[in-house]
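Paired with subunit B in one complex and with subunit C in the other, subunit A is shared by the two complexes that follow.
Then we have the complex of A and B:
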């Protein structure tokens, strides 16, 4: 369907409820609707039209329209269109209708909005705190414009209640936030009877830094560097999504060569990340040899990054309007040689690990994420593809370069650790092939356009397929080339609840393995 | 099995001999320096530095860089109109005193200063560490609110290229087994209690090393409602390792500095 057809269909069914329609850019359609009709409309879009809820956020627009606003972004992944519903909320009211009962993926977004803005989702099945722990005082909402970024309120002392499983022989295992390995902090509360896990509740947001607030009022240039630091191993893709949003607002088409260079880096990041995950999976089943093979290849991938841009984490590559330097020119031959070396080593290693029945026995049928749950929660990236959901931003919202390069989305259905591993294995080959193809067909030419001024109070989405999956950033500009609101939705936000479902019924000692096969970012979730 | 053995023979040893031998290829993004002969003091970099690491001395009006805050983004090198700023390949930057990394003086509000028995002040400490730890060091890593960049670099210390166990360094699962805490991140509000508990759970004598701009000063996330400006607001720090993130060898250098084996 085109944006016009979508609009027509909605007007036919809900004509009276739609206050205003704005078509922004090629693929964003904004509909402002009556707040009390949100549940019906979102239910219709999600269930009848089949568009998943991909992002949802609030915005303090009291200085602009005298109201708070909540945005609901749904994606038509077949024709690459974002359909965004918007409702306004009067400051005297501060409540909105929860849609979580109808659209399950909304549950965590609504809790987030409640914590950060103090807007109450009425009818939410379990609106407990999400972002803030017991130390944050009630009635303090940092994302309202009136809140001073630097204000650090006194520590409150409230207890956090976890969901309880009560029965004879059921006990709880608390783990974290400081874990045994070198990983990020989070608290896991397992309810178990014997070995199998009955329920897992993940308390996250230990690394919440207030990134969205930090960006407000800051220059567009500075926020690019903040975007690079949302999640270390996804530095490039986050900066990429941010740049896309700003470039869309500025009406700028970046030079083709710059687009190609970005694709090379995006795929390099995916390769590095997946190699790390594969190594991690092997480590967690104590398969030392294979782990060290993958770590070695990852080391080589870091070496490529170092050679191209001097930064192992691909920071300082993107720039608004293109890339900072022509990082690829003159290095093609060495790049191709190194990629081919990784590819052949990878092939040989894959043969070895797949022939190891002890290893396959550990990963097969472990940590199954069902297709239904994956769809309900809008799981994204490799975990979703492993469960049979064939979504990939590079296919549904492709840029010029991905449209030209050929690649296929891996097809798996079992949703277990093995499938996630296989998706990642296939995507490693794919990443290498895409890089080789991009180097091959890269046109010569400019690598950036300059952006001088950007109009205030304009907004747009930037989307990328991060190594972990669909990554969506929404930016609204402010006066004098600053940010008014920056909503970051990384793939980890969607996949954390999916992980909690996937571990059910599995043994506690398999948790690290299942966790590693998802490899979610805490920083990307907590912001 | 045959294939596995073949691989093991193919790559017998990948480990770099750092710090005994200098790195073969040096990184391009090390310490940032301002060439005072070229600098006109125009202040372009001052306003655009994303982490406000560039400062002007109130009296002399000369520009300087606070390395504990620098995120090594290389923007200043790119935008300086007189080409006075350059990235060097110097990456061994760890210091025991945060002031040694700064060109402006450090202001810690008095109520934030920690009053607790701080054994690092004792001159005896060095002797005791040598005696207690011998030549091996057990490390517990604590992520106190990083972006995970620093943690991945700490992870990379265990990869075949760096293999820090050869230096007698070993990562342990519990702070109770640790001699040193390697802390990354800005000590976010939600991690402060966990950081203090971990610190207290680590037996004395212990060392604390702050890894990365965030842990040193709050880095790019300074002054937010949910962060603190450096972990030294929460726990005492023995060595600061700047970088965003510092590369594995820079972390090794910092740790070695902490135990004074260098």
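Then we have the complex of A and C:
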């Protein structure tokens, strides 16, 4: 289905509710609709048309149209089209209809909007605070334009309410935010009956840095550096998504060679991330030998990154309109040699771990994420693919390069740690193959187009398949090449609630293993 | 009399001094399997030395149990070391204790360790204590049946006579009864000393810990005592295993102090082999799912029970 056909279909069914078509790119369709009809429309799009809600955010457009706006982005993953519904909210009203009852994935976005904008979702089943903990004063909404970034609010003293499971023999285990290993902060509240977990509630946002607010009013160039620092091990993919959004607004087609170089780096980041995850899975079941094998290979992959761009975490590679330098030229032979070395070591290790029945026993049927829950919560990336959902931005929203290169989405259905591990194993091979193919078919030529002036108050999405899954950034430009609003939705935001479902019924000592197989970023979620 | 003093010195001093070495060897094997150089074999001595110099931090809400437990655990471990002779060439004048005393003196230490873990009221201490209680209850039948079967053959339940008897058996491990008991005891050792696949001694994941979770609140000298006690307990079990099933004292032709020296050297070599064995098991297995540990304990019990039945069917 093309964007025009989707538009036609919606006008046929909901003609009266659609106020106007706001804007349309080739694969983005923005429709402004009547605010009181959002629940029906989103329910129809989600259930009848089968498009998942992939992002949802508010925007303070009082200076532009005198209203707040809420955007609902649905994705047609088959034909690669984003359908965005927009509703306007009058400043004196400050409420909007909650769609969480119909579209479950919306629940967390609505709580986020409530915390950051003070827009109340009416009819939300559980609209408690998400971003802010008890120490942030209520009625202080940082993403409203009127909020001054320099303002330091007073500490409030409010207790956090966790969902309680009340029954004989049910205990609560509080874990974190400070953990025994060197990991990011997050508080987990388990309700357990002995060892089996009945409920898990994750309290995140300990590292909320206000990145979205920080970017507002800053220059487009400067925000690229912020995007690179959203989450340490996803530097490249976040910068990639940001650049794509800006390039789309500017109507710029980047040189083909730059696109190829970006693909090489994106796959290198995926390889590194997956190798780290596989090592982590092995560490968590005390399989020291395999863990150190994967860690060694990860070190090699970091070495490649260092050799290519002088930065193991791949910062400073992207520029708006292309890449900073021709990082690959002259290094092809060394790159191919090292990738083949990783590949052969990886093959050997895979055989060994898959022959270890103790290991397979641990990962099989542990932490099952059902396809239904994955779909309802719009889980993305390896956890979703392990549960049988075929979602991959590289296939559904491909750029020129991914369209040319051939690869297949790994297919697994059980949704357990074993499947997630296998998805990652297959994607490691795939990443190596894609890199080799990209190096092979990379054309010569320019590596950057320059961006001069970008029209104000234009907006577009940038999407990449991060190692953790679908990564969606939305940018609205302001005057003089600045950012008006930057909405970052990393894959971790979607997968955290999925993790909380996947651990139910499992044993407490299996939680670290399940957690590792999801490998979620705290920084990428907390923003 | 001089024998008694010698026995006392060897059983306490020698065992306490040698115990941390076993951990060093196992860690080294694991490091080598991971292409790492690893920590020095003597690392645990350095760690203990450091910990003994440090002050202990004790939670305000804990009671006297928390404070006395390290001493009780250490004392029970040393008492257990007194019962299991490292060499039969030194004859103690009195009977040093039987297998039931051995098992329950260690259980006493464990009991206090679990109480202390609960005492601080921390989350992980409670989890560790409940898991430890489960594992030890499951493993206890197997260790008792194993030792009593050997006792039946030796016609004694006291450890020293059993061990003296075993010195006269030629190659015990080719005998099915002893082989079964050997395998059963090997599983017991792995479970009792908190090793992979039952527990992971080197984990940082507080939710998966068993033994480590109980020690989380300890620091300084108390921690050093607990760690050393765990190492001694480990060596006691290894001593039991190697001296029962790999007897060597009959091989030494000479007598006197020289013989004892040679015997101790051979003993150390056997401990090294046992540590190697445990290290190889650790490298090749992964930690079991917590609720699969009963299967392992059942396997151990079945092995020991088959050994027990074989004794009645075929004799020792």
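Quick notes
Keep in mind that, in the parts below, the second predicted complex is superposed on the first by the 525 of 527 C-alpha atoms of A that agree within 3 Å, B and C clash if a C-alpha of one lies under 4 Å from a C-alpha of the other, contacts with A are read in each partner's own complex, and residues count from 1 in each chain.
Quick note on the criterion: a contact is a pair of C-beta atoms (placed from the backbone, for glycine too) under 8 Å apart; a residue touches a chain by one contact, two chains touch by 3 or more.
Note that the structure is a prediction, hence the values are computed from the model and not measured.
More residues of subunit A are touched by B (comparison of subunit B with subunit C). When the two complexes are overlaid on their common chain A, residue A:292 makes contact with subunit B and with subunit C alike. Of the two partner chains, subunit C is the only one that A:359 touches; subunit B does not reach it.
By the document's definition of touching, of the two partners only subunit B reaches A:235; subunit C does not.
When the shared chain is aligned, subunit B and subunit C each come close enough to touch A:180. By the document's definition of touching, neither partner reaches A:164: not subunit B, not subunit C. Shared-chain residue A:253: touches no atom of subunit B or subunit C. Contacts of A:509 after superposition: subunit C is touched, whereas subunit B is not reached. In the superposed model, A:284 lies in contact with subunit C only, and not with subunit B.
Within subunit A, the residues touching subunit B in one complex and subunit C in the other are 180-181, 289, 292-293, 296.
Subunit A contributes residues 173-175, 179-181, 194-195, 282, 284-289, 291-293, 296, 356, 358-359, 361-362, 366, 507-512 to its touches with subunit C in the complex.
Across the complex, subunit C meets subunit A through its residues 30, 33-36, 123, 127, 130, 196-197, 200, 202-208, 282-292.
Listing the residues of subunit A that touch subunit B in their complex gives 132-133, 135-136, 142, 147, 149-153, 177-178, 180-185, 205-211, 213-214, 219, 221-222, 224-226, 228-233, 235, 276, 289, 292-293, 295-296, 298-299, 302, 306, 310-313, 315-316, 324, 348-349, 351-352, 355, 521-523.
Those residues of subunit B that touch subunit A in the complex are listed here as 3-4, 7-8, 11, 14, 25, 27-29, 48, 50-51, 71-75, 78, 87, 141-156, 158-161, 171, 173-175, 185-186, 188-191, 193-194, 198, 219-221, 223-227, 244-245, 247.
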